[in-house]
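You will see two complexes here that share chain A, one where it goes with chain B and one where it goes with chain C.
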Partner chain A sequence: MERTTIIEKIKITLTHVLGHENFELTDDLTAKDVDGWDSLSHMMIITKIEEEFKITFKLRDLNKLNNMGSLISLVQSKL
Partner chain B sequence: MKLIEILQKSIEKNQLSNAFCINNTYYTYKNFAQIISNVRYSLQESTKETNLHIGLITNDDIETYASIMALWLEGKAYVPINPETPISRNNSIIEQAGISTILDSSKTTGAFDHLTLRTSGLKNENINLSAKTFPKENLAYILFTSGTTGIPKGVPISFFNLSEFIQAFWDLNFNLNDEDRCLQMFELTFDMSVFSFLPPLLKGACVYTIPKDKIKYSYIFELMDDYELTFVSMVPSILHYLRPYFSEINCPNLRVSVFAGEALPLDIVEEWSKCVPNAAIANAYGPTECTIVCTNYTYTSLGDLKSYKGILSIGKDMLNTKTIIIDETMEEVSTGESGELCLSSTQLSLGYWKNEEKDKEVFFFKNMNDKKTRFYKTGDLCRKDSEGNIFYLGRIDFQAKIQGFRVELAEIEHHVRVYLKKTNTVALAFTNSINNTEIGLVLESNKFDTNPLLAYLKTMLPSYMIPTKIEFTEIFPMNINGKTDRKKLLELF
Partner chain C sequence: MIFNSYEFIVFFTLVFILYWFVLDKTSKTQNSLLLIASLVFFGWTDWRFLIVLIFNILFNYFLAKKIYKENKEKIKIRILWIGIIINVGVLGYYKYFNFFYENFVDVFHVFGSDLTFSPLQIIIPLGISFFTFQTLGYILDVFYEEVEPYSDILLFSTYVTFFPKILSGPIERAQKFIPQIVNKRTFNYNMAVDGLRQILWGVFAKMVIAENCAEIVNPIFNNYQNESGNTLLIGASFYAIQLYADFSGYSNMAIGVSKLFGIDLMRNFATPFFSTNISDFWRKWHMSLTTWMMDYIFTPLSFTLRRFKKLGLIFSIILTFLIVGLWHGANWTFVVFGALHGIYFIPLVLTGSMNKSSIVAKDRFLPSLVEIIKMASLFYLITLTSIFFRSKQVSDAIEYIQIIFSKSLFSYPVAFINANVFSVIFLIFIYFTIEWFHRTKSHDFEISNKPVYVRWTLYIGLFVFLILFGKSSDTFIYFQF
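Moving on, here comes the complex of A and B:
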């Protein structure tokens, strides 16, 4: 899957879970920069991304997600 | 003060052992002693002896923990202030507690600079851990929790209360020792943090914390796995987050797994016990007013788990606590019947911080075996079996627990009403798809853009109190008593 397609799908998922689109999906975007992205919504975002791409993350993968760039790479590596 | 002397001796005796592991950096008890002494020196230099209640910015670093120790060696109390909490709320705490000094380890400037004593980058002073002589009635900490009137209420805990708690903790026979590696996952504004750092420090064990920018549940797993933690205490909501990954978790080194702060469902504990095959699992209970926890249920095998309606028992009275269950007429109910759980304990706070009205509401005296005994009404609906095991059934009022934090739903409603003026509103606690509690808000109104409302709430309330879902309804349904039917509204979520 093209990187841009992945980004587009992640964007739709984020907007759906957070209920807003006040963010720009750059590689260095972190949860801290996005309104409402806390432990709870993080869990929901992860679950939705797993469903969307039909992949599963390992618990250890989750701690490596430092920013959007690492999330996109992780998704890419699982496809 | 005996407790503080034991703490001093433990720090001195375990110099070469690790006291903390913070963000993958170890600090020995010797490092810790040095930083405590530096903070203490600075504190002595700049605050009066009579200045007993000191604010503490709750960062995740060695200076913040050292500050607590420095204050305790001086017989002073800390009042935790979370820098992420809205400033209006922190100001209310500072004002109420009459705080004129705040210890802060941050390197950048903050909102309370005029009161701040910086604790990072201090120069090394002579190590001085000798505890001052002070009365046991001095306060060890004041925690502020959600208040129904919109103003947070303070719960003062004395050194006497704290030392009674520690005595009851040892009596649980977890046999904590200097080889233990212990998890501290709690924000310092929550008293389970004291449960997680104080007993380990008293025994020379090592405390592992969670950096603030990490996602808690996955980081907890990594700590447990990488550092082979032996003693962990958590809120049950962490288990709900970890549940999809249980098959990846195997921690044979874990000796003790304690839960507190929320109801603990039986099915998830049974699954969890397979991830931690050698651990004793304990379910502890207690309000902040009774110094952390005061009842506990420990079991080592899954054989005969005591539960009621799928929720694990909160166990029996701990060493210094006596519980009773009462009806509306304040009389004790018979065994097996439900009523309000009340606590009498040497761990019990002397009363709320400057709030006599609230004291009258929840503290009362009752004759027990011809002795006038002081009790605290918990607001928790419970029943007891013939062996004295207590079962939690729910709240009798409108208080909810969000990841262990107490939330008065009325406080949220108060702030919504202040902002929206004429709109009727109800805040509710609902259970989400992974069985954690979230806050929903119902507005009696036609639909409108709620972003400005949420933005306002974020300036007044900590993040765990912000509603995660908002629904609209034209007219609130009534129950047969003519009151708003909250049960019906709950169906919206």
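Moving on, here comes the complex of A and C:
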């Protein structure tokens, strides 16, 4: 899948879970920059992404994520 | 040895002089001194405690290496589980053996057994919950590849034993602490002054606020059956404040003392009573424990249960808080304390407002009416849980609450109409006012950018309060944990 398609899908998922789109989906984006994205909504976002892309994450992979760029790469590596 | 004691002042002065003026040649000499001083500090009450501590250090140091070196995932997991079982097992033996044993015997009684409970005489090593959680977190971090194992035993031992934090935290992460002691530390005047300020604030919170609250609280809890509902409600409110001032005061002293050695410890309290919901409160209360629980209990649990959506989330939160409760000690009162906090989260999860965190009255001088109502409601929800925290048995706490909600709640609070109580209320007012104006700062008494005359007025003011109202005590509430 193209990186741009992944980004588009993640953006839709985030908007759906968080209920707003006040963020710009760049590689440097971190959860801290996005209103309402904390450790609790994080799990909901992760589950939605798994459903959307039909993939399964490992907790160890998630612990290593440090920004949106690494999340996109992780999704890409699972497809 | 506690921070606000004469023996600690002598101990500290000696270590401070050696650290900055005699053994300041290399990081090794500085760390060796810190390690020896910390072992002396820790073994001061009972040298036998050192055996448990040294075992903990060596076991986790080598186990982390073993986890890291192993290539096969299955064996890696097995080694990790050995680590978890042994760490939790040692902690469990000291803290929970009698509790489980007694309940086990009780269960058998239900089935008609005549087993009798005769508790083992176990002395709990001080700070065991704190240092066990530190090293347990370390092996988990190595397993999750968040950090590589350290191969310098001196660095690792200094991290685990560092005396300002060993008895009651903050529960530090190796990867945050160790990089600070790899190189030789040079004296930083600003950091040291900031540390002294934090110590002063901690001593004030402990000796003036917590101890004066304790004098009001203790007789009420000791004789609650004969008190009126409003006396019990006000008494419990004073206890919630006492608990906060006691532990946050201790934490500020620990962080302040550490700064005098050029080492930054993590913040443990960030004015938690200025929160408008329970989730926000826990982000600011005993933060080093909350983040630990978040990372090692809640996250793996909610990750495993993620398919169950909100139900999975609620289950994870409640289980996490039951463990938070039980972490405090082997008593059902702590379990109820944890369960109540977990239950408080349910409306937030259901309404999806869990993540809404904001600074109260941001860019404003005073809070709005809605914020005041929310903060006050939260305070009373916390107060309710603190009744369980303070009571010896769950049945005592329930009876205490029943009396609160009786007719006598509306009687005249005779017990509180006296000059002593009013002076304590006045001191609490000062305490929270200063906290209020520092709620966005790096700590509650960060006044470095204030003009000299303001700073010195505050220092002198606090000293005067210490002399006039300060009360000494030989323990802190959190020492028992």
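Convention: the second predicted complex is superposed on the first by the 79 of 79 C-alpha atoms of A that agree within 3 Å, B and C clash if a C-alpha of one lies under 4 Å from a C-alpha of the other, contacts with A are read in each partner's own complex, and residues count from 1 in each chain.
Methods note: a contact is a pair of C-beta atoms (placed from the backbone, for glycine too) under 8 Å apart; a residue touches a chain by one contact, two chains touch by 3 or more.
None of these values were measured; they are calculated from a predicted model.
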Per the contact definition in the header, classify A:D38: touching chain B only (first), chain C only (second), both, or neither.
both
Quick one: is A:K54 in contact with chain B, with chain C, with both, or with neither? Answer first, second, both or neither.
neither
Which superposed partner A:N63 touches (first chain B, second chain C, both, neither)
both
Would you please give the residues of chain A that touch chain B in one complex and also touch chain C in the other complex?
38-41, 43, 47, 59-60, 62-63
In the complex, go through chain A and note every residue touching chain C.
19, 36-41, 43-44, 46-47, 50, 59-60, 62-64
Can you tell me which positions in chain A touch chain B when the two form their complex?
20, 31-32, 38-43, 47, 58-60, 62-63, 65
Residues of chain B touching chain A in their complex?
213-219, 221-222, 241-242, 244-245, 248-249, 403, 434, 436, 438, 451, 463, 468
Chain C - residues contacting chain A, complex:
144-146, 279, 294, 298-300, 302-303, 306-307, 309, 313, 349, 352, 354-357
